[in-house]
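Read from first to last, the chains carry the letters A, B and C; within each, the first residue is number 1.
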Amino acid sequence: MSIQREIPLAPTAEAALKTHWRRLNRRQGRVQALLLLATLISCGSVVAILGFLTYFTVPILTEGHLTAIFSWSWRPFHGKFGILPMVAGSLCLAASAMAVAYPLGLGICGFAHGLGPRWLRGPLMGLINFMTSIPTVVYGFVSVIFLVPLVRTTFPASTGYSWLTATLTLSLMILPTIVLLIQAQLQQVDAKVRLASAALGFSPSQTLLWVMRPLAARGLWAAAVLGFSRALGDTLIALMVAGNAPQVPHSMLDSIRTLTAHIALVVATDSTSRAYQSIFVSGLILFAVTGAVNLSLRRLQSRTPAGKRHA
Amino acid sequence: MFQSTKRLLAVILALVFCLCAASFVGAQNLASFKTLKGKIDIAGGTAHIPVMKDAAEQIMKFNPNIRITVAGGGSGVGVQKVGAGLVDIGDTGRALTKAEIAKYGLKTFPFAIDGVALAVNPKNPVSALTSRQIQDIFAGKIKNWKAVGGPNEPIHLFTRDEASGTRATFWKELLKKGPINAKANVVPSNGAMKMAIAQDPQAIGYVGIGFLDKTVKGIKLNRVEPTQENAKSGKYPVTRLLYMNTKGEPSPLVKTFIAYIRGPEGAKIIKKHGFLPLTK
Amino acid sequence: MAYFLARGFAWLAVAAVLGVVLLFLGFLVVRGLSTFNLGLFFGKTPVWAAITGRLPVWHGIWPACVGTILLVLLASGLALPLGVASGIYLAHYAQDAWKRWFGLAVEVLAGIPSILMGLFGFALILFLKKTFVPQANTCLLLSACCLALLVLPYLIFMTQTTLESLPEELRLAGLSLGFTPWQNMLHVLLPAASRGVLSGVILAVGRAAEDTAVILLTGVVANAGLPSGILGKYEALPFHIFYLASQARTEAELAKGFGAALILLLITAALFLGAYYLKSTVTKSWDQKDLLI
């Protein structure tokens, strides 16, 4: 029945099919356009942020205050708006936090890959994974109540709000990022070399030190770079426990101010003053450094686990 | 079954409301808010926060149609935000400059007197300093408590951020615009200053006199006790007024709020938090 | 010799980190748990009246909790469609050259410190106020937009990688049955990738719930009661903790800070565990290759 009916209708059916296809195609086009639009918005936001930072920085350039901003003294009431102490503060803090966290991270990864007992590996990695979920402000809060008085009583010369306190807290915060990145790389390498090196008679710890470590070099670099970038981008810990004095630190017990904390503190001033303009320069510096870090990461790895990022 | 639980809840709720409403009848000054609704955003001076919060609590409990938000930040924030129109009232702990008034078209409403006191931890035996000593301490010339009659321990210097009106007053009136050591720790509010000093026996900093209590000790300045009475009589020299500022003429709601703060009910709140109300 | 040193160091590192983290968590839990009662949330306001919003809550963290929940919902609502759509585009539609550039932009976005997102939002409002929308103000919506930018990379990345990690057979099977690419995406690939995408969403939610620097500049306040609307100022848990850490006037207020910190930690930890579980099931099922849908 149905076949009989379809045969005479064939030309119309063909036409219907054609319109159907055309409609589908059009819908494809529309869908694709929408998806492209979403992508453009997502990526456009980066351009917008950069644009805004630049837009607000331009007046400084045109009015020739750039040298005033790039100087070593921040005394707004005396007309000195140098942000270099904050640049130094940011770099010092990020570097010192890395100096603490990175070796610890290496140790933990080594532990999980041959230097420690296997049964501890699961719980340890579970804990490290869990650490990624601890809010920054909670780290800061506990540090203010617990670590600051501890540092103060241990070192009477210090107020407790210091580079040292911030370093310890921050290193705890960036540790999971470092461990997870190295760990991911080690796992890849491990799968490739485990049998071969076992066949050659290496012990697991020998494998780790002399076979896997060189092979995982890219992961090691990526972890260092990304950990540094995260430490640089942190605002809350620096703001809460580093003391915020706009000076170049002479010792770990000195109070320091980072670029991020500087933005948070100074955004509150008169929006036409030069102090206010200086935060956009600070922002631009942060943007440039973190951007450069991410570009170099791209060269290091074909794929960055962006999911592991905090700022 | 569910129906009856619901009804019971409704009855309880109604009772609760009646009770709450009954407790409001006595409040007379709040009555002026009765027919008003809308929102007031307040930001700025951190010395003001306790007063503003208390007033907001009274008013919002009395009339839930009014919403009042309170944020800190410092006097600089107060000027900037009210000037940019981001808040309705910008609090400052210092007088506005002529430039600020002209630039933003601000109207200013002082409501309380507050002195700025040098503060140390109660464990610190030092309880009096001269202006000269204070200037030297903040300039970083005196670095040990021993030099001013205290124990042989380093001085921990705390100061406020540049947006602070407390800092502006202190710097102008007491330091005579002298230098502040760049090594000094910077804290972002009166509350934070108080907390830092309360925790640290070697600390010195400055807060509004209203913030002095048993956890932070006020330092006698040239032998004058930092109290609000001395501040009012002029014996204690480092004083300022606390202001509310609006951009242009305030709206009826904001006007009522300002009148409330400057009225007898407000005076009680102001006194409760250690400031002296400004009597007109 | 080197092995012993290395082994000793590894043990030391693990012991140190374990010790510190457990001490940290223990301190927080012990101090936090002791503050848990209705007063922590509602102050002296009757509970039911507080929850229905009939009476404002003072001296309690309830408004901050509501603020954070609204903020997170709004931010994910904004970021989800954008992020998933971008992820799909990058995984299946973009040509290689474009994909490189878009990928680059997403990675730069992922690296931007959160305070810059806040600064962007703040500058944007000042700009809008001066130009097109004089009544623009910092508010819940602005914070949500900036947070959405912050979590967007997570969503894009998770969507893209999960889609790309699906077996090629699955894609071809759908297409050979006559699905158009979009139908195939909608009915075959996305459902298969849903767990991965969902875990990205949960990670994003956790990130939005904990971030403080963004909201610091875009409309959070110390005291607001329940948010009056998406154009109003609001309270939020992370900011509340930050505020109490420096402004607590009494021991009791400080104790509340511990309570709030523990609540926030519980929220982010629960979200994280959810994401972790979903993610592990995804990798397992495709690793075993025994499952096509």
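Just so we're on the same page, a contact is a pair of C-beta atoms (placed from the backbone, for glycine too) under 8 Å apart; a residue touches a chain by one contact, two chains touch by 3 or more.
Quick caveat, the model's predicted, so the values are computed rather than measured.
J.: Taking the touch definition from the header, please name the shape of the chain graph: line, ring, star, complete or other.
T.: complete
J.: Counting C-beta pairs in contact, which two chains come out on top?
T.: Max contact pairs: A-C.
J.: Counting in whole Å, what is the centre-to-centre distance of chain B and chain C, each centre being its mean C-alpha position?
T.: 34
J.: Let me have the rounded angstrom distance from the C-alpha centre of chain A over to the C-alpha centre of chain C, please.
T.: Their C-alpha centroids are separated by 15 Å.
J.: For chain A, write out the residues touching at least two other chains, lowest number first.
T.: Within chain A, residues 271 contact more than one other chain.
J.: Give the residues of chain B touching no fewer than two other chains, as numbers and ranges.
T.: Only 84, 187-188 qualify.
J.: Indicate the residues of chain C shared as contacts by at least two other chains.
T.: Within chain C, the residues that touch at least two other chains are 126, 246.
J.: Could you please specify the touching residues of chain B with respect to chain A in the complex?
T.: Against chain A, the touching part of chain B is residues 73-74, 76-77, 79-80, 83-84, 100, 103, 153-154, 156, 158, 161-163, 171, 177, 182-188, 196, 199-200, 202-203.
J.: Contact residues on chain C for chain A in the complex?
T.: 2-3, 6-7, 9-14, 16-18, 20-21, 24, 27-28, 81-83, 85-86, 88-90, 93-94, 101-102, 104-117, 119-120, 122-124, 126-127, 149-150, 152-154, 156-158, 161, 180-182, 200, 203, 206-207, 209-213, 216-217, 238-239, 241-242, 244-246, 254, 257-258, 261, 264-265, 268-269, 271-273, 276
J.: So in the complex, which bits of chain A are touching chain B?
T.: It comes out as residues 73-77, 85, 148-149, 152, 156-161, 243-247, 254-255, 257, 265-266, 268-272, 275.
J.: Please name which positions on chain C make contact with chain B in the complex.
T.: 46, 48-49, 54-56, 58, 125-126, 129, 134, 137-138, 220-225, 228, 232-233, 246-249
J.: Help me check something: in the complex, which residues belonging to chain B touch chain C?
T.: Against chain C, the touching part of chain B is residues 9, 12-13, 16-17, 20, 39, 41, 43, 46, 49-50, 53, 56-57, 60-61, 64, 67-72, 84-86, 187-189, 191-192, 194-195.
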